[in-house]
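This report concerns only the one structure given below.
Labels run A, B, C and D following the written order; every chain starts at residue 1.
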């Protein structure tokens, strides 16, 4: 199998390598001349044999939209586009309609595994028709870890279902990280804990909280035991937000995932207007002291 | 009626004045010679006619405990102590036992109203026996606003019930303030709102959210429309914490009050260990950029 | 002044009455023949003198959209539409564009006060141009409580700002109600509280938590002291959801308002899939007993 | 090595077996005659060679307290007690003082691993002096998984530190479970997800959220794909509550762990007094329909 891969950033670059190691021929395109295999998307399309499969691995939103628009113009009937980026699942239907109208197939695929995917393989969640998924299986098999397919790959449902599952996956991820982080702060706040990194390390085997994220947490503490080099500013990408929006849309209480999202928002504030107001109110009714603005 | 009042701080000072205006004779004692009426507690006890009523209005915890211990030693059978401070309700039973063993009566009374109580009158929640409450009614009547007694005074239950009610009152207060504060930040974050102070002002009459705290919020914005002079550091006193602890003890979900408490905790952190850990984890799995420690 | 009012439901019916008491002539239309003044919108438009002002007070969403579309077709240059319903602020711009293209003016106005507005007057938050707001002032003045205009009316900003402010108002309302509700449950869970309704009643004057909602809470407890007739099922209308969505869109932490929203979602679940999963997990790792499905 | 083990319940029974497999001789006592090795604690103490090590594995609280009191009476100078139960860390200092006064050594040890510990080994967190820990190492080594000691055992700090770490571990566990559970509900609420169990299964290898709890979740869904047999009632043991209490005591914001705890509280309510109040308030101000009590 020989496919095209558009987007060779942090994720796509490693995926190209893993695909090649797994026996899938890949022609990759990226705007960055240092990593691209070809000079242009047009060039890519001439290199990939028909019927083509083009994996899109570019930032979600406008860039993915523009890429899929371009492919809709340039691909042929029978070709297939797989959006492996973190697109919002609501975009998939639009992209599928655009492509399907021209006889081009579309699959959305959530990809998890981060920078470790090259080494460990990626967890994959795909949405699309059974026939389209079947056709792309060799790609999925090369990307995912060795072993049982069902442990790392799922055909979640129709178009959009793969990205929906990936969105929920990331929402869960927010919650898991925040749970560990709260535990970290609780241990760090207590003098009687004299071996904090060792405590997390000892949770790696045997405990109920063992996980891959815990292993990474141990690794982070090994590198910087007090996290002294790090700021507490945490970005969020779209998927945490979308997860909460879906919780709202479906009337699902999601206090843990939402708390994790809000903690990130708060981490990025230089000062909190809300807490200024609480300070103002306490002063107004109780004469409580306030602190001046920094 | 002539009572003793120990503690002439922000609250006690004003209460002495309101009591006097209401026809209750008050001998006040405070360690601060500028405000005290007498030189010592002993002095106070000679001035107040027997059977004495001594209102204690000192900081909760050790100072209240020491004051009540002292009174247990110095008062006579038939005297009464009223703890009007913000003591934890669990302390009241201990104080009552200590005093009752010596024939001294005890009432706990939650007092709300802040620095405005002198002018507006105080909301009062009392715990104790019916007889003791009855005996102290002239004091309560002088402290509370004019009008129906039931609108500003309640005999909540036995010893401790007054402080329990006040604790819950303050927990609610945390939640109310945070709700307004979140709304403030939402309005402040939106360019299309060109008259933010005017919006809050317009809520004072007619809307569902009108309240005394809203009136104070409007006052605060009048004094400093962008809250630019204020820091976002917010203290908490014991009662918010105790409310959440009671929620836990009684298996009552209290997400709003707890969120308000945690927001105060977060407001006081120079940097968040938890969010450093989240940043570390994102870097570990995804290679996401971190920010250096400040 | 003589205006048209479309929508004579719980809100519109009372508003018609208050407007008339305030000296504004009103021709009202509703699909319900028992309350309408005219047989049709067409009929209404012949009755209201030009340049017309038509106040739309129908359910947000499709019905408001359809009504404004109809008015866009039937009104004349120089007429004005005021949307006083609970439309999402993002709809206002669309409605304004549609109308403005035909020379019809548009104002959005958030209206608070519920069923008590007839008696007490409504709190009003308007968005639009200064000229349009000026033109509609006699209506606002009739609807709002007597007294200072600034205490119950605000020109918040351009089109959409009125509904944005109303949305935030309702978000705050969710938080305030939940704070009182948590306090209620904390008091109700404690045996030592022997006069729960009296406790809330005593908060009405003097305390920091006094508010109109508290007065209503006291009224509710007077009518049904243990709330024994009531189920715990609570609907939410759009505005709580939109407030949280705006919090997300603007990266504003809003844990209190969100907790209030999620509590409503949870109140409507017959059983919680999430908690079934927690039960399943506890059983899996710890052999903890589960309860069978009801 | 030959030790005594008091308590052969769900945890202790398996631990006796794992210790024996690991070459530690164990005399176990339990009130249940079907599982006990000896007829009484006195009997146990005659069987275990001096200086004795007695591992206590009974329910936290009164039963642990009574057991340690009994041991304080019956053990000899130089003997050692290890409390492996889920005692609150604040109890450890009391127990240590009681025992140390008689020359008896004390170690607290958090044990994680649930019913799987027999097979997988237990994660262990110990508090005590370096000498005491050293002496008990053969026990810890038999209980923990094979492999690096540091991956499953830690000497956290002085007396109490082991249980503190276990408490935080369990707090994190609450958060992790709730995060997965929210994700489960989000997937279950969406029609486009046609293979929900398969989605979780596919997360087991490769994804960021892979963990032991996720493996158990997959196992639970294999056994009952829709969790249809399960109720949504979830108990909590002390440790989640203590974690939140410690968060409060140390001013650590812990919204995720707390949300997980409150979700359990709510799961156990037949009806929510708080939500009844919200329903009552909505009815009062807006005339919104209520539902009758069930």
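One rule holds in what follows: a contact is a pair of C-beta atoms (placed from the backbone, for glycine too) under 8 Å apart; a residue touches a chain by one contact, two chains touch by 3 or more.
Keep in mind that this is a model prediction, so the values were computed, not measured.
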Fewest hops from chain A to chain C - one hop per pair of touching chains: 1
Chains contacting each of chain A and chain D, listed by label: B, C
Interface residue identity across copies chain A, chain B - same or different by half: same
Result of counting contacting C-beta pairs for B-C and C-D, higher pair: B-C
Identity of the chain that, by mean CA position, is farthest from chain D: C
When chain B is superposed on chain D by its C-alpha atoms, the rotation angle in degrees, nearest 5: 180
Averaged-CA centre spacing for the pair chain D and chain B, given as whole angstrom: 38
Distance from chain D to chain C - Cα centre to Cα centre, in angstrom: 47
Chain centre separation (chain B, chain C; CA means) in Å: 32
Of all residues in chain A, the ones touching two or more other chains: 114, 178, 180, 182, 185, 189, 208, 212-213, 252-255, 259, 262-263, 266, 272, 274, 285-286
Chain contact topology (line, ring, star, complete or other): complete
Contact set on chain A toward chain C in their complex: 208, 241, 244-245, 248, 251-255, 258-259, 261-263, 265-266, 268, 272, 274, 285-286
Chain A to chain B touching residues, read off their complex: 10, 114-116, 177-178, 180-182, 184-185, 188-189, 212-213, 216-217, 219-220, 224, 227-235, 255, 263-264, 266-267, 271-294
Sites on chain B touched by chain C in the complex: 89, 112-114, 117, 120-125, 127, 144-145, 147-148, 150-158, 160-161, 164-165, 168-176, 178-180, 182-183, 185-187, 189-190, 192-195, 198-199, 201-214, 243, 246-247, 250, 252-257, 259-260, 262-263
